[in-house]
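Two complexes, one shared chain (chain A), two partners (chain B, chain C).
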Partner chain A sequence: MLTLKIIAFIVWIYVIWVLSRTGLHFFKFCIGSVGLFFFLMLWIQPLIMQPLKMAVSAAAGVLGDFFEMYDSYYQYSILFIPKDTTAVSLTIDYECSGVIEIMAFSCMLWFFPLYNTIEKLIINCIGLAVIFLANVLRIFLICTLIYFYGNEIFYFAHTIFGRIFFYSISIALYFYVFTRSHIIRQKVGSFNYGNGDTDK
Partner chain B sequence: MKKIIQKVLIGLLLIQAVSFSGYADYGSIDIDGYYDDWEDKPHTEVYYGKKPYVSEIHLVSVFRDETTVYVHIKMSENGYTELPNSYFTMDTDMGSEAFTLMLDSMKKKESGTAGIEVHLTDNWDVVGSGYYTREEGESDEAEFEIPLYSITDEPDGVVDIAIMFPDLGSQDIVCVGAGTGPYIAVAIGAVIVLLSLAYYYKKKHPAYAK
Partner chain C sequence: MEMEILINRIIREVIFWMAWIIIPLIMEIIPAFGGFFILLKKSFVLKGKAIPQAVSEITLIIPIYNSAETLRTCLTSVHNSNYPIELMDILLVNNGSTDNSYEVYRQCQDEFRDLPMTWLNASQGKSKALNMALYNSHGKYIVHIDSDGKLHPDALRNMAIRFEQRPEVDCLTGVILTDMKLIESTNSFMMKLVRRCEFFEYCQSFLAGRNFESEFNSIYTLSGAFSAFRKSAILKSQLFNTATVSEDTQVTFQMHKIQKKGISLCENAFFYVDPIESYNKLYTQRQRWQRGEIEVSHMFLQEELTIIKGFISNFMVRTLVFDHTFAFPRMIWYFALIFLVFLNYPIALVLSSIGIIYLLYSFSMFLYYINVLMYLDKVKDIQRYYRSKWYLIFVLPGFNFVVFWIRFAGIINSIKGEGVWKTTSLTEEWNKIKVAVNDDFHFPKRVIAALRRKVNL
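Then we have the complex of A and B:
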C-alpha cells in the first residue's frame, strides 16, 4: 500500500511538472491542490490531528476559564459545560478541529498563481491562525449558548449559529486572500512594464 | 523540475518537524476494575428532585472513542450507596437503544470487584462488559463499556450521545461533538478560489489585455 502511495505521489509530481511546462496553469492549480490535499490527509493529518484537537480545546478552555462558564480537559479534547441539572461534554473531534479547512486552504494557496513563495508562507501562517481562531470562537459561542440556554439549544448553536459564524470568517479570509488581492494587483499591475507573473 | 523537488524536500522536512508521536494513547480508558483512568475526567451529578447534599449525589462520567462508549459510576456516599441492576437508555444521532446492567452476584457483606454484563433490553444479547467494586463502608464504583455497533453499523458516524440512568437520577449525561461541517466550508472556499482564478486568467488572456 505504501508503495502505491509513493508511486501515486511521484506520478502527481510528474503531472504537475508537465502541466507547468505546458503552461496549463488552471489544470495545474486543480490537480495540484486536490492532489496535495489528498497527500496531506494521507500523511500529515494523522500526525497533527491530536495536537490540533488539544490546542483547540486548550484555547477554547482559556476563554471558558476567563468567563467562568466551562472547563477544558484538553488532554482528552473535551470541554465540560455544567448547566443547572445537566452537564454537556463537548468533544473536539476530527470534524471539529478545523484540520480539513486548514489543509484545504493551504493546498489552494500553494497552487494559486498570484503570490511568490515567501508571500505564500506568510499568508499561509496568517490563514492558519485565522481559521484556528475562528474555530475557537465558534466553539466558545456554542458553549456560551449552552451555558445560558441549556442543552436544548445545542442543535441551533452548533448547526446554525456556530457554522454561520465560522463560514462567514472563512469566506472573508478566502475573499481577502484569493479575490481581493489579485484584483488590486491587476490594477496596480497596469503600471508594471516588466513581466509581473509569479507562476512561471 | 529542480524547483518542484526543492519544494518537496522542504515539505518532507516540515513533515518531520511536526511529527509528534506521543499523543496516540491520550484519553484511552482501560476497563479493568481499576478506576484511576477516571480521576481527571469530568463527571455529571445525577440525582432526583431538588439538588440534595453532596453526599447524596451520584457521579457519572461518559467517555467515548470512535468505536466504544465508556461509562463510570460512583454511587453517592449516603443514601443509595449500592449500584443495583440498572436499566438505562442511550440516545444517539444514529439511533437509540435501551440496556440493562446485570451485576455478577456478590455475597452479602462481601467486598471486592466483580463483573458486569451489559444486555440489550429488547433481546437480552450481551453487548458490553465491565466491573464494579464494593467495599465495606464505601459506596459502589463501576465502569463498563458499550460498543457503538450495538446502536449502529457505522459507529464512526455517531456524534451525539445522551445516556440516562432512571434508577439513579433524572439527568442526561450528554456527550456531543460540534463539527464545522468542514466539507461545506471547503466547497465554499473552492468556489471562491475557482471564480477568482477564472477572473485572473480571463484578465490575463491576450484578448482582454490592454
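Then we have the complex of A and C:
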C-alpha cells in the first residue's frame, strides 16, 4: 500500500511539473491543490490531529474559564458544560478540530498563482491563525448556547449555527486572500487579438 | 403523542440534511425563490403601462470585423424591423476586417436601397469602432448590435418605447437568445443538448437574472451584442474602454459608478445570435467573460473591496463574491464529497446529499422556467419551443456545473499572462501536454527501442 502511495506521489509531482512547463495554470492549481490535500491527509493529518484537538479545546477552555461557563479537559479534548444538576460533555473530534479547513486553505493558497513564496508563507500563517480562532469561537458559541438553552439546542447550534458562523469567517478570509488581492493585482490592457496585432 | 414523536423526527431529519446543504441553499436557492416572486409581480405591473405613439430618431451602430458571412442576415433583420426607416440612421464601422465584408455591404446597399447606411473605417478593436461611431451619430438614442446576429422585428421599436416610457432610464440592454432553428439543426446529440442548455441559460440570464437585477438598478453588464443608450448619457461618459476584454461591462460600470445612471432590461426587445460553435469555443468564451469581470472590477472596485461594507452596500462587490470568492469553497465542497467516501462516511449519505442538492438546483431552475415562460409571452414561437424543452431543468444543473469549472479556469488563468482574446482551447492545451510528455519520454523510449532491436538481433 505504501508503495502505491509513493508511486501516486511521484506521478503527482511529475504531472505538476508538466503542467508548470506547459503553462496550464488552472489545471496546475486544481490537480496541485487537490493532490497536496490528499497527501497531507495521508501523511500529515495523523501527526497534527491530536495536538490540534488539544489546542482547540485548550483555547476554547480559556474562554470558558473567563466567562465561567464550562471547563476544558484538553488532555482528553473534552469540554464540560454544567447545566442545572447535570453536565453536558462535548468531545472535540476530527471535524471540530478544523484540520480539514486548515489544510484545504493551505493547499489552495500554495497553488494559487498570485503570490510569491514569502507572501504565501506569511498569508498561510495568518490564515492558520484566523481559521483556528474562528473554530475556537465557534465552539465557544455552541457551548454558550448549550449553557443557556440546554442539550436540546445542541443539534441546531452545532450543525447549523456553528457552521454558518464558521463559514462566514472562512468566506471573509477567502475574500481577502483570493479575491481582493487578485482584483488589485489584475493586469489590464495590452491584449492580443489572436492574429499577432497587439492593442495597447 | 405519536404525532409529536413523528414531528420531532422529521425536524431532526430536516436539520440533519440542512447541515449538508445549507451552503448552496443560502447562496443560490433562497435568492432564486425571492427573485421568482419579484419577477411575478413585475410581469403584472408591466402589462398596465401605456404605450407612447411617437418614437424618436435612433442611430444603429454595427461594428464590422470579418463579418462577410453574417452581415447580410443581420442587415436583412434590420430591414425587416418595424421601426420607421426615416427615423433610422445606420453606421457600419469596420475595424480591421480582412475578408470581403465591404463587398457584402455594397450588395446590401443595392438590395436595401431604402436603408440609410454609412460605412466607416476605424482602427482595430470593437471599442474603437463603437467610439468612432458615437462621434458620428445623430439619433436621440444610440443602439448597437453585433453583426453576427438578427434583430426581432419589434426589438428597436420596443427599446425606443421603453426610453420614452421611463425617462429615468439611460441605458437599456436587450434580450439575447440563441437561434432555435440553428440549435435544432445540430447533428450531434451531445452538441444539440449543450446548445439547448445554452439557450435555456441565455433565457434565464436575461429574462430572470438581469430582469431581476433591473428591478434594483443593479444590472452587472449590459449585453455587448444588443444594448442602447440615450445619446446625452453615453457622450458624457468616457465612452468604450479599449484596454479591457470586456468593454460592455466596463461601460456598464461607468454608467453605474461615475454617472449614477439608470440601467434597465428591455425584456421585450430580442436579438438572436448563433449557438455556441464547439466545446472549445464554450471553454474559451466563458473564460473570457470571467476575465472581463475581474478586469473591470480592477478598474472600478479597488477602493470598495471590503467584505462587510462592500458586500452589503455594493451589488458589484456582491457579484464578485458570488463569482470569485465562493468558487474556492465550492471547489472544496465538490472534492470533499469524494474524500468523505474515503474517510468511511456511508456512501448512501454522500450520494443522498448530492441528490438533495441536485433536486434543489432543479427546483430553482423550475422557478426560473416559470418566470421565463411569462416573459416570452410576446414571442409565441420561442415560448412554445422553450415550453417543450421543460426537461432541461433537470439537465441544467449539470451544464451549470461544467460552466462553473470553466469560469473557475478563467479566474486562475487571468492571473498569469497577457490578456488574449483567444484563450487557449482545451484541444490546444491537450496538445501542449502531449508534446511535453513526449519530450520527457523521448530518451527512455529511444533506450527501449534500442534494447528491443538488440534483443531481436
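Everything that follows uses one rule, which is that the second predicted complex is superposed on the first by the 186 of 200 C-alpha atoms of A that agree within 3 Å, B and C clash if a C-alpha of one lies under 4 Å from a C-alpha of the other, contacts with A are read in each partner's own complex, and residues count from 1 in each chain.
Assume a contact is a pair of C-beta atoms (placed from the backbone, for glycine too) under 8 Å apart; a residue touches a chain by one contact, two chains touch by 3 or more.
Quick caveat: nothing in here was measured; it's all calculated off a predicted structure.
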* Room on chain A for both chain B and chain C (clash or fit) -> clash
* To do: Pick one for A:Thr22: touches chain B only (first), chain C only (second), both, or neither.
  => second
* After superposition on the shared chain, which partner residues are touched by A:Tyr174: those of chain B (first), chain C (second), both, or neither? -> both
* Could you say whether A:His182 touches chain B, chain C, both of them, or neither, answering first, second, both or neither? => both
* To do: Check whether A:Met108 is in contact with chain B, with chain C, with both or with neither, and answer first, second, both or neither.
  => both
* Go through the superposed model and pick first if A:Ile13 touches only chain B, second if only chain C, both, or neither. => first
* Asked: Which holds for A:Asp93: it touches chain B only (first), chain C only (second), both, or neither?
  -> first
* To do: Once the structures are superposed on A, label A:Ile160 by its partner contacts, choosing first (chain B), second (chain C), both or neither.
  => second
* To do: Could you tell me if A:Met41 is touching chain B, chain C, both of them or neither one (first, second, both, neither)?
  => second
* **Selected from 153-161, 351-359 or 405-413: the stretch of chain C that, after superposition, runs into chain B** => 405-413
* Structure fact -> Intersected contact list for chain A, partners chain B and chain C 25-26, 29, 100, 104, 108, 112-114, 159, 163, 167, 170-171, 174-175, 178-179, 182-183, 186, 190
* Asked: Which of the residues in chain A end up touching chain B in this complex?
  -> 13, 16-17, 20, 25-26, 29, 43-44, 47-48, 50-51, 54, 71, 73, 75-78, 80, 85-96, 98, 100-101, 104-105, 108, 112-114, 135, 138-139, 142, 151, 154, 158-159, 162-163, 166-167, 170-171, 174-175, 178-179, 182-183, 186, 190
* **List of chain B residues in touch with chain A within their complex** => 1, 4, 8, 15, 18-20, 23-24, 26-27, 40-42, 44-45, 51, 62-64, 159-160, 170-186, 188-190, 192-193, 195-197, 199-201, 203, 210
* **Touching residues (chain side chain A, partner chain C) in the complex** => 18-19, 21-27, 29-30, 34, 37-38, 41, 100, 104, 108, 112-114, 155-156, 159-160, 163-164, 167, 170-172, 174-176, 178-180, 182-194, 197, 199
* **Footprint of chain A on chain C - complex, ascending** => 12, 15-16, 18-19, 22-23, 26, 96, 124-125, 242-245, 294-295, 297-299, 301-302, 305, 307-308, 320-321, 324-326, 328-329, 331-332, 335-336, 339, 408-409, 411-422, 429, 432-433, 435-437, 440
